[in-house]
Amino acid sequence: MSGEVLITPESVDNLYNRLKKEAEAAGYHLNNDVEFAKSLVKGLLVNEQRYGYWSCPCRLASGKKEEDLDIICPCDYRDADLNDYGACYCGLYVSQEVLDGKKTIGSIPERRPPPGERERAKLASVSTGISGISLPVWRCVVCGYLCAREEPPEVCPICRAKKDRFQRFL
Amino acid sequence: MSGEVLITPESVDNLYNRLKKEAEAAGYHLNNDVEFAKSLVKGLLVNEQRYGYWSCPCRLASGKKEEDLDIICPCDYRDADLNDYGACYCGLYVSQEVLDGKKTIGSIPERRPPPGERERAKLASVSTGISGISLPVWRCVVCGYLCAREEPPEVCPICRAKKDRFQRFL
Amino acid sequence: MSGEVLITPESVDNLYNRLKKEAEAAGYHLNNDVEFAKSLVKGLLVNEQRYGYWSCPCRLASGKKEEDLDIICPCDYRDADLNDYGACYCGLYVSQEVLDGKKTIGSIPERRPPPGERERAKLASVSTGISGISLPVWRCVVCGYLCAREEPPEVCPICRAKKDRFQRFL
């Protein structure tokens, strides 16, 4: 294998448009620096050809899907980083505050645990299994949407109510 | 502050189109009396300039966001009013039955508790905290979507199955 | 009543386009054999005129809505059939794998219980009521979406993460 990967501008534009549409439909936003966002989308397509999946363009993939699952875009860490820093680790996804210019993206520390801890975290979650609720469940007071995550989403993906309209349910 | 607020017809049209699109995507519907709906959308934009948020155009806001959270559009009472009366308090959102002419909108009583009770309701919900499930959880039998609300939604926001395809889950 | 039902090509196209859009928005897909899909959509419209609801075009409806609820399209069995066979019983909905040509649709056994068992299943579910969780609850690790179903969906309807990004939550 030569490692040579050809990505056409058309395929980048197509995926960029699809991701943008899907993001907006769910209350997420791509970075409005379109050229920058497209360079990351190109990275996704390069990784798709290399590994067979959209491994994060800003992280080193192992090439074994099982080990890379947490960094397949959108990664497991996106929403927490959007919440804390206004952008995901790469800057492909940004928060409404960043879009509105009310917040600036700074440097985002790597939230992904190092390999050893990753293994332990996975084992812990498997052994805990379904015996307990590991994360709070949030409820949108407007439409009743439920989700389990550290903090509520920026907006309800169903009815667009904002974060402050969520209450803890479980 | 002069109280003078300028809202352009373009900004009304833009927000109307956005709300209509977002409503339909989630199984909700704006009133099909477009001029009436736009007058309410204009009210939202007026309130955004006055208070900084989309306070309900048919209710008197306090101007303190914390006290007005429940009447930021879509308000906490919309879905119950859609269910019982076929429209939200303002008439901005209507049910499918109303759209289809099978139901007529009558007068909709104010469901929002008076200020004293509002405080008590909030305290009760805080003190109860996460110790108990205060609302039934409904499950769409087609796609498994879960939501916590008095009654199931008119249609499943995920798969469009109708209300009678929901079963109580918790 | 003559049983004569007139369905215009325009009404078929309209419903086909609507179903296709709604399907894609939630991570489902109509069969890409468009003429075949439209023949099924026509069947839905015929049944709507006959019975008043979109009874499955490949099954015999009783004409009593209460007894036919589970086979109103999308039927209660669609997602399990998509998961196991890559298509719903009719073939109106197909999985991504089928779309991508990685899987071929074979014959799909009827998953709907026979009338007697159907009654018993319904009674059991009513008597169990809310006393226990009958189905696993899955959580999307990316966005926290929760759903209760035998297996996770093909993709998260909110954030498009794939099935292998779901973990059992309850």
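Chains here go by letter, A, B and C, matching the order in which they are written, and residues are numbered from 1 within each.
The rule is short, and it goes like this: a residue touches a chain if its C-beta (ideal position, glycine included) is under 8 Å from a C-beta of that chain, and two chains touch if they have at least 3 such contacts.
This structure is a prediction, so every number in the text was calculated from the model and none was measured.
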Superposition of chain B upon chain C: rotation angle, C-alpha, nearest 5 degrees: 120
Same-site or different-site touching of chain A by its copy chain B, using the half cut: different
Length of the line joining the C-alpha centres of chain A and chain B, rounded to whole Å: 29
Of all residues in chain B, the ones touching two or more other chains: 25, 146
In the complex, chain B residues that touch chain A: 22, 25-26, 28, 69-70, 72, 74-76, 78-79, 125, 129-130, 133, 135, 137-138, 146-149, 153, 157
Contact set on chain A toward chain B in their complex: 25, 136, 139, 141-146, 158-162, 164-165, 167-170
